[in-house]
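As written, the chains take the letters A, B, C and D, and residue 1 is the first residue of each chain.
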Amino acid sequence: MPWEELTPSLFQGILMGSLFVLMAVGLTLTYAVSRVINFAHGELVTLGAYAAALAVNLSGLSLLPALVLGAAAGALAALTLDELIYKPLMARRASPLYLLVASIGASIILRHLIYLAADAGGWLNIKARVMVDLVGFVGYAAVTSLHLQVVPAALGLSLLLHLFLTRSRTGKAMRALAENPDLARASAIPVARLRRLAWLIAGAMAGLGGGFWAVYANIQPALGALLFLRLAAASILGGLTNVYATILGGYVVGLGENVGITLANAWAGVPLEFRTLITFAMVVLVLLFRPSGLGDLFTPGRSRRWI
Amino acid sequence: MRLRILALTLGLLLATVGAAWAQTTTYPIGVLIPLTGGGAAEGPFLRDAATMAVEEIHALLERVGSPVRFRLIIEDTGTSPEGGLVALESLAAAGVQIVIGPWSSGAASGLRAFANANQILVISPSSTSPALAIPDDFLYRLVTPDTLQGRAVAALLERDGFEQVLIFHRGDSYGAGMAQALKEAFEAAGNRAELLAYDPDQGDYAAEVNELARRLRQLGVEQTAVMLVAFQPDGLNILGHARLNPTLRQARWYGSKDAFSPTFFPPHAPLEIGAFMAQVQMKGFFPTPPANPVRATFEQKYRERYGQEPSPWALYMYDAAWLAALTTLVVGEYDGARARDAFPEVARLFLGASGHKLLDGNGDAAVGVYDAMVAREVDGTYAPVTFGQWESGTGTLQIFNP
Amino acid sequence: MSLLEPVPLLEVEGLTKRFGGITAVDGLTFTVAEGEWVGLIGPNGSGKSTLFSLLSGVERPDGGQIRFAGRSLVGLPPHQIARLGLVRGFQIPRLFSSMDGLENMLVAEKDHPGEGLAAALAPGPFVEAERQAARRAAWWLTAFGLAGQAPLLASELSGGQMKLLETARALMGQPRLLLLDEPAAGVAPALAQGIFQKLRRLREEQGITLLTIEHRLDLLFDHVDRVLVLHQGRLLADGPPGAIAEEPRVLEAYFGTAHWGPRREGAHP
Amino acid sequence: MDLTPLVVSFVTFFGIYLILALSMNLEYGLTGLPNFGKVFFYSVGAYTSAFVVSRLMLALGGASLVPWSAEAAVFREELARSEPWLAIGLFLLCLVLAALVGAALGSLLSSPALRVQDVYLALILLVVAEIARVYVRATEGFIGGPHGLGGIPNPFRFIEGAGPRGLAYAGLVLALAAGAYVLVERITHSPFGRLMKAVRDDELAAQVLGKRTHWVKAQVMAVGSALAAVAGVLYAFFTEFVGTEDFDSQLTFTVLLMVILGGAGNHRGVVAGTLIMTAIDRFTRPSFLALLGLQLPVDINYARHALIGVLLVLLILYRPQGLAPEGRVRTAAREEVRHLGVSS
């Protein structure tokens, strides 16, 4: 296959990977600090998408403030979820599985409230009216203004998160909390405040990812639910607790689905409908053989793999 | 004295109102639509169209002093067979014997056996699965089977001189059925058709569009037409990606009927999508006569009332509601079995927003007058323009406006 | 080896286990003879609990040999080791918390013919086995003073009672070699003495071999035949209690570096 | 008013979901295996029915039709009406076959539990269910791909009249559900049931007592999956259609909710949980509200899902043990020790 044939999948993979990174990092972060696999994380993405799209379409905001609004919506919802559901549950010493089931409940509630609102407003299938401009071509691949916004946003925010977690005192404390919650509670670390902060960051990133998605494609109330398993895939590839590995995981999912299906279709005639199966197969393999995720690749033989 | 007269008048008045109220007969019509699941975006259009129809019917009945009224009971199918079945069972428990919907073939398949067994007339506005083309059952379908549309597109492709087509379609019952219909019609004439299916639950189809372009390059961009079988959410996304693809920009495109509905054109869709469709001369058929005044009135009223364009299926749902009411009135009592017997004759004489409703032996719409349409620039914006007509009876394609 | 010499029930040779950079058990070699009661002591982190995990198959050794009744245990899964007759208890009791004392005991019944799906579906033939198991369980519960607590869920027991129930449950499994990790921890001092006396009687009556970790040396030294001292994963001393108490290296290692307080929960041995 | 359709629908779906919930209770409630792929094993039963019935009936009737075509469906329905014993025989064959296939797949898919913790097992099974759904939908040659497959004739098609036919089938489903109840009760109140709970409470402790815990899990998954597959068969022959849209993970979560509502570990509680959930589903529908003459300000079709979510969250917050707490294992041992005066 000539290289030009692969360029569209490659560029698309990078774009999708970046979106997945934005949306999945929060899932990892919240799992790391509170041990909840938050099935309602997809709905945070949906909320962010709707907030951004409605801001653009109804009040004519430009993209940047609309995205900020999307992030704020996601952050607020994430914090509410934690305060209303997960925190009280953890205070009652609920098992991880019960937390997971509770998050499924939260996801059902949020999704159908969004349905109600979207139906009332006539927004069941909308898109943010933001023009995506063509910048140029690389091989057969189009590079658009969206590429230039999403990829730097994902990488930049990841870098910021990295600096926050490694350089700032609060970030270091958050890592300590993720690494050993019991120990963190026993020491002087302000657990409650850190937890709130983590949920805020997680929700904001998910909301921002959703905002970009609203620019990129049509949105509907089940958007997050449909995306969730693949977001979780990025996070699972990151061992569920490792933020850096989740970034890698996001790109593995993005490139796997795009480059992977192109090659599989060209070489083995694999139907396009099996695109998501590539991701799912990776998830099953990783869960089976390396539940700690791709994080071990960076720090072989060391146990320091939280966040 | 005056007080007495007043009391008497008031009493009389109340008695009359009471009598009128007592004489009113309300028949329930079940509405099965997808409000959640894969078809969730479509449901409210259908609900609103059915509501509009019943309001119009009520206005008419009131004007002529008829005591008959209809009440819609709207149930969600969740776009699944089980959802369709349970929804119909619930309607049946509430005494419903006449139902409009469901939207998806999956839901229709799930409830077919129950409808037959319990003698409930089911009028689907939109199910097109060939597996439901069954005679003597209680399921009628107002949309022509996709075999007709397939034949129409095949004729158009032949006329445009193509011997190869690459069909890019939704991997669901509708998309696969439509693609197969076109493939069979086109290959019957000695041509070649290739299918490329995509998972319709993705939300984004960039990877699939890239693969479409690659396949097209293999087949030859010049001599291969692209046929898109899509609904609006996936279709717009696909066209949005295709517009930025150098290969697909050079291709000649054809589309299934939804691609010529207003929802694909400005102001409901981005301007750049319209520009792309005009650039690639997107052609295809819409199975509804555009000069139909019923449709024009419906669309205008819908726009005024709901502030947006109705979806193509809303037209069919509007007709389904009218037909359900008319059939009940013709029968003169509320009875699913008798309504089912009367339905084909009522439909035959009916011209609705979605055109004529002559039914074939399987109870599916049979009249196939299809308008050939092409996306064009019109007064600074983009719109579908009719340039011909295909008629199923003769199988001939006429071009008015080359 | 002459015929007169007793065949060792447990032979450990060069046993090694590493966690990351730490060698928890380092080339350990010792034997335990049939019918013997051996005490195992050593400061925190000396590798005692790791040794138990290696012997019971919970952890896999990085090197060395374990032979039990002439059979190599290395690589065998825990349940097979247990079925060979090597049963262990845990330092922190691992009871079946949603079951009562009787149920906890019955789970330990060895080779219960009723413990299969087929038996569950056609319970008839196995009822007698279940009754017998129940009688044995009742006997053990009574022996450990738990008869009154039998209707309570394991999670409702006091710490000491949990410890007792775990020991009783291990005994219910008809061990040939019983590994006990601080069987008297959390038990009132008077009762602790009673437990050790009970264990001694058991050994005399049923010929059970015992390997016991215990921090209260006074308690341990009164009962055991021999003491193994572990230090940093190595065997520091091996001898009768009297000799060990005098051993200067032991005193230094023990009282010089170790502290005797209760361990931090969940810390690695 | 004729309430037969409501009774038939309620009882049939209650029975089908009860079998699913009981199997989930056996796996998750009692053994601690979070089978988040429940819908997969359910679909195995439905797919088996669709595959076997469609091919066998066409072969026996000597018709060469595309199995998922309209003609083939009509052919099968006619054949079932005229040959009752053939229809009943095929139904029974499907029950047995599906149970076997379900058991085999269940024990096979219990093997991830050897390696990973429960939350990971839940995720693996969840993803496996999704993989299977996408695969079957895109593979036409199996059960018609996106079209699904209709004309899986109800074994009672020979009975004239929707009411009697529906009631007969509802009775059959209820009888099988009762059988499933007896089965899981027997398993639970046996030494094996005790072992299951031991595996759930502390797997390592069970292992060092000489128990082959993986084998226990494999057997439980086999039984649970066979039950789920049987439920799938009952569903397929009730709707007479099998399509992939029915088999997304929503169903797994519904069943999980039934188990948690009723009380994980208590089968009687699970019966109550299933009953309540089925009732909530039926009686929060617009049809029922119409029957009562109620008008609500919000679209109940969306709101009722949100309500179910609220119920789930409140339950986990305030009554995680469900309606009925788990009981003790009842075996002969209990009478025996009552003699000895141990258990008071």
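One rule holds in what follows: a residue touches a chain if its C-beta (ideal position, glycine included) is under 8 Å from a C-beta of that chain, and two chains touch if they have at least 3 such contacts.
All values reported here derive from a predicted model rather than from experimental measurement.
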Result of counting contacting C-beta pairs for B-D and A-B, higher pair: B-D
Centrality ranking, top chain (CA atoms only): D
Most widely separated chain from subunit C, with each centre as the mean of CA atoms: B
Computed distance of Cα centres, subunit D from subunit B, in Å: 35
Mean-CA-position distance for subunit D and subunit C (Å): 44
Rounded Å distance, subunit A centre to subunit D centre (Cα mean): 33
Subunit D: positions in contact with at least two other chains: 134, 137-138, 299, 302, 305
Junction residues of subunit A - those touching two or more other chains: 112, 115, 119, 271, 273, 276
For subunit C, residues that touch 2 or more chains besides their own: none
Residues on subunit B engaged by subunit D in the complex (per definition of touch): 28, 30, 35-38, 71, 73-76, 79-82, 85-87, 89-96, 104-106, 109-114, 117-119, 129-135, 171-173, 175-177, 197, 199, 362
Residue ranges of subunit A touching subunit D (in the complex, touch as defined): 37, 85, 88-89, 92, 94, 96-98, 100-102, 104-113, 115-116, 119, 229, 232, 236, 271, 273-274, 276-277, 280-281, 283-284, 287-289, 291
Subunit A-touching residues of subunit D, taken from the complex the two chains share: 34, 112, 115-120, 122-124, 126-128, 130-131, 134-135, 137-138, 253, 256, 260, 298-299, 302-303, 305-306, 308-313, 316-317, 320
Subunit B-facing residues of subunit A, complex: 5, 8-9, 12, 15-16, 112, 115, 119, 122, 124-125, 127, 129, 131-132, 134, 137, 140, 142, 144, 216-223, 226-227, 257-258, 261-262, 265-266, 271-273, 275-276
Of subunit B, residues touching subunit A in the complex: 35-37, 40-41, 43-44, 171, 196-199, 201-204, 206-208, 210-211, 213-214, 217, 232-233, 236-237, 240, 244-247, 270, 272, 306-308
